[in-house]
Amino acid sequence: MKKQIPILITATVGTVLVLSVFFPPAKMLGEDFSLFFDIIAVFAFFLGGGNLVRVHFIKVYRRKSDWVYSVVTLVGFTMMLASGLFKLGGPPGISGSVTADGSYLNTMFIHIIAPLSSTMYALLAFFVASASYRAFRAKNREATILLIAAFVILLGRTPLGMMATGWVWESLSIFQIPNLAVWVMNVPNLAGQRSILIGVGLGVVAMSLRLILGMDRTYLGGDND
Amino acid sequence: MLNRVLLLCLALVWTVSVSVTAQDVAEGGIDTLSLPLPAPAQNVVAANHVYDDGEVIDVNWDKSPDDPENILGYIVYRAETDGAFDSIRTLLPGETFFSDDNVEDEIPYKYQIGVIGENGVSLSGESELAVATWELFNFGMWNTFLWMFVFCGSVIGFIISAKSGRKLYIRKIGGLEALEEAVGRATEMGRPILFIPGILDMDDVQTLAAITILGKVARVVADYDSKIRMPVSRSLVLTAARETIKESYTSAGRPDGYNEDMVQYVTDEQFGYVAAVNGIMVREKPATCLYLGAFFAESLILAETGNSIGAIQIAGTARPGQLPFFVAACDYTLIGEELFAASAYLSEDPKQLGSLKGQDVGKVIAMFGLLVGTAAMTLSVAWQVPATQWILDLMNNLFTTN
Amino acid sequence: METFGIWLAALLTIGIISFLYKDNVLYKACESIFVGISAGYWFITYYWDNLYRKFYLGVTDMDNPHRFFLWIAFALGVMMLTRLIGKIGWLSRWPLAFIVGATAGLYMMTYFVSNAFVQVGATIKLPPDFGSVGSYISFGMIALGTFSGLVYFFFSKEHKGVFGGTAKLGIWFLMVTFGASFGYTVMSRMSLMLGRLDFLFGEWLGMIN
Amino acid sequence: MKTKEFIVTAIIIVVLLLCKFVLPKPIQFSPTISWIVTILLGLVFAFIFYLTIKGKPVERRIVFLLVGISLVVPFFMQFKLPLKISPEVQQVYDKLASLPPGSKVLASFDYDPPSAPELQPMAEAFVKYAFEHDIKIIMMGLWPQGPQQANQAVEAAFEENPALRDQVKYGVDYVNLGFQSGNEFVVLRMGESFKSMFPSDLNYTPYDSIPLLKNVSNFSNIDWSINFSAGKPGTVEWIQVAVDRYNLPMSAGNTAVQAPMVYPYLNAGQLLGLMGGMSGAAEFEKLTNLPGKATTFLLSQTFAHVVVILFIIIGNVAFLRSRKETK
């Protein structure tokens, strides 16, 4: 019983949404789902945020290694909650935007979150280089093809390609690297993308069917509680 | 150039003033313009847009004979039965079609097309009244419905046939074969297995796929009595992952081995999550890292950090942009469809394997469409074989959405 | 305040970059600041945006035809929290089942149409520049590549013989796709670091013109 | 070990402080010094090549350091690079240039600060061009930080051409509707009515009291749209909903990573032109004749590309040699 109802919910909701596509008056259902999802997600966050606080609190309480950093996390978290829930520094009143210019939340975002996330993202520049040096090697035919394609695009999307092959005659202009890069993007790359997209499309349908039919239901948890 | 801009400005002033007084002009105030105007558009036809929710009226017209040299564009005017005309959209020269999707259903509208010339706007005749009505079933999507029916039918068909005991052959998928070995290695080394389900929430199909795979992986982990570590970036994924792992431990007969702290929420922020996962990797040194789900820029940060600690890495995503990094830096990569097939493959449940067979039917249909379509096109366009034209039309009808 | 902000941002930037050398005190500090602050930020955004604006304003707006639906969503959300109460914790599976079902149902169609269906249709549609020898070759290659790529994904047959050969061709096309994405990505990643370095050396140290 | 770390940290701090307070600013290398630095960098690579071939690949930290140096050094150099305009970018520009004054353009800023180095130059060039040619912009964002990026682009346009500050009026010539969560569903609802998704703009002015939006109820009142996108939701979602369902004419600026995924749509004619990555931005700046950051950064980027290419070549040559020897 405890397991039957959820399976029934999944099956009904799934089937209705699949069919809604074919019935114009029902097409709003899909949009309503995003609203549902957003509201449920807020409640889920009470569990997530609770977990965050619990994990770090236990670390501090038991004085586990590096517990000082957990203090930092907890302080940061509560500080943001306080400034956001009471809309400190921003326009007053309940309708004012919480992320308006001048609000504490926005200030923290601009001076702390933005540089941190940009820098984390930017580390990729270094990882790309180390991966190029170590991993992108012509180990076999497939890897060689990958390398050549990468090379053509790399050169073609920078002025380097033009410098290297700009002298090629106009009648053979396809062999100028920038043109070659456009061709690689538009033809073999497109073909590869399409086969991936078609495969993914079919894979999603089959997986969704398995979920809707209740064949795959581990996400619904153990039987005994 | 300057002249053109000036003329355009002039035309715009005209547009505004004319749109206010459109009705008067149409009814006889023609003499107010002494300069020659472009020839008006003709045959303005407004009709309900079929197979929708009653929200769209399609307007078609014939081009002005002065299009494109002597005109600057078209203006679409709309009025209710007895109301005045309002301009609702300006279009570029060459356009002969407009979908008005800002109508109330059950209210009749009439339309008029203005041609903007350098000296003003000339108006067409009014269209008949049209009403946007809704239809119950979208017959425009008959081909989608057909293929959906065939495809889902074959998936279910194979599932039923597998249930009745028929043996189904599925080829080996390298990355999935390696999974058990990777878990085994982590057990031997006494180090945890890191499972990263991507950074999107439960409303993404790749995350769903990751959760279904997690069920199978956690089962192996439970069997081996290994440790799983799963930081997540979404609260709903936290809940779903906990349920999944718990179920796997229960079905492995070791419910006591399950511990809520196996799954930990970090933060919703993409790179905050990545920073924390990186930290976990270098400090706890997992022996095996699994990245399955929707990944964005973090794919390479994770895979390279995992590489630097010498972990076995298996990745899977449906995003073509991130696949090359996983292919380069990980030991095995599940490409696109393989990610969605993984849980069925790992379950070794004949019914679920049957659904993979159904997927192949879908591919056969797609390949058939490609083959026949391209052949027909080559014959009819390149070699002008007339008989193949209808095949080409048929294929286009079968594979075009409306 | 502005100067302080820039110094703080610079310090955090250096802290993250220092991870490249090795895990260290500064990185750990940045990481924990990042996790705490960003988790709080996202919760606040969700709270005001979803709970207050979408739910509260939605149900208090008497003209909203979706009011009733919002209450169902609210109920499902509350069920999510039953996880915290041991006895009726199983209720929390209902919203989960709802989300899984809806995601599966909704994206089943979206993916089927815009991934599988449309892509097949696009391949057999006449390209605009059809006619030149080059366009024939391109057109043929797209069709061939898509076809052989699908063969590669085929599950029911081992990659042997002619079938295996076609699958191999499919992998090659996939490899070109990956190579192309890689080539493109490299460029983008470099520009990201440029942005940060521009901040450090330009905005902070003021060394760039 | 601890002392070594301490010394490294101390040296870095001292160097940074020196840069901040002692060095003359801004620093610019003369062409001779630029060449010498470039050649020195080349020599370092030759040495790494030698080491790798000898079977002693360098550590990843050395790789990191070299990438860092080759990104920073070009900031201070003065070389000019040739640039070829690609047809996709030309198409975006042509579309923009063909708009008559007074046209209404919907610009969606679907990115955040990490992607700004690539997309901001495009956005700035677009905003400035639009302001100078009296094209009205309706800005919005599907990403929470998008609208801030839009404001920054406006601010940059004003700073560069102060005369615009008086000519261009908020609410009349441009408006920033802000962020709305809901990904593609926002676009879907906008197809019905903008107002339902954006009851007010970023400054809490009600939708109906903004002059620019007076006759704008949904996509059918928009002449053209441009989308600056760094991922999901972004160009693909806009195409799937706004272009496919509502026939909105649209061009896009994408990060280099995102661009390959958008090519199928460009190919199918659903997208009218595309600017991809930094070089796309630099090309657009050249076309609009508004040189900005992308043009400056292109040299650094070119250096970085050469570095990556060199690393790939070095890695592969060493690999092929070692394979020959084992055979």
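For reference, chains read A, B, C and D in written order, and residue numbers begin at 1 within each chain.
Throughout what follows, a residue touches a chain if its C-beta (ideal position, glycine included) is under 8 Å from a C-beta of that chain, and two chains touch if they have at least 3 such contacts.
What you are looking at is a predicted structure, and each value in this text was computed from that prediction instead of being measured.
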| For the chain pairs A-C and A-D, which is connected through the larger number of C-beta pairs in contact? | A-C
| Geometric centre distance via CA averages, chain D-chain C, whole Å | 18
| Distance from the CA centroid of chain A to that of chain C, rounded to the nearest Å? | 3
| said: Report the inter-centroid distance (CA atoms only) between chain A and chain B in whole Å. | reply: 15
| Which chain C residues touch at least two other chains? | 16, 19-20, 28, 30-31, 34-35, 37-39, 41-43, 45, 49-50, 80, 83, 93, 96, 99-100, 102, 104, 107, 109, 111-114, 116-117, 119-120, 122-123, 125, 143, 146-147, 150, 153, 174, 177-182, 184-187, 189-190, 192-193, 195
| Of all residues in chain D, which are in touch with two or more distinct other chains? | 60, 64, 67-68, 71, 113-116, 144, 181, 256-257, 260-261, 264, 267, 276-277, 279, 301, 304-305, 308
| request: Note the residues in chain B that touch 2 or more other chains, in rising order. | output: 144, 148, 151, 203, 205, 208, 236, 239-240, 243, 265-267, 269, 271-272, 275, 297, 320-321, 323-325, 327-328, 335-338, 341, 356, 359, 362-363, 366
| said: Which category does the touching pattern between chains fall into here: line, ring, star, complete, or other? | reply: complete
| field | Residues of chain C that touch chain D when the two form their complex | value | 14, 20-21, 24, 45, 49-50, 110, 114, 119, 122, 125, 128, 177, 180-181, 184-195, 197-198, 201-202, 204-209
| remark: Listed in rising order, the residues of chain B that touch chain D in the complex are 5, 8-9, 11-12, 55, 72-73, 87-90, 92, 98-102, 271, 296-297, 308, 319-321
| field | Residue numbers on chain D that touch chain B, as the complex places them | value | 60, 98, 100-103, 114, 191-193, 215, 217-221, 223, 231-232, 246-247, 257-258, 260-261
| request: Would you pull the chain B residues touching chain A in the complex into a rising list? | output: 51-54, 134-138, 141, 144-145, 148, 151-152, 155-156, 159, 201, 203, 205, 208-209, 211-212, 214-216, 234-236, 238-240, 242-244, 246-251, 255, 261, 264-267, 269-272, 274-275, 297, 300-301, 303-304, 307, 318, 320, 323-325, 327-329, 335-341, 343-344, 347, 349, 351-352, 355-356, 358-359, 362-363, 366
| Residues of chain A that touch chain C when the two form their complex | 2-3, 5-7, 9-18, 21, 30, 32-33, 35-50, 52, 66, 69-70, 72-81, 84-85, 94, 98-99, 105, 107-128, 132, 136, 141-143, 145-154, 156-158, 174, 181, 183-202, 204-205, 207-209, 211-212, 219-221, 225
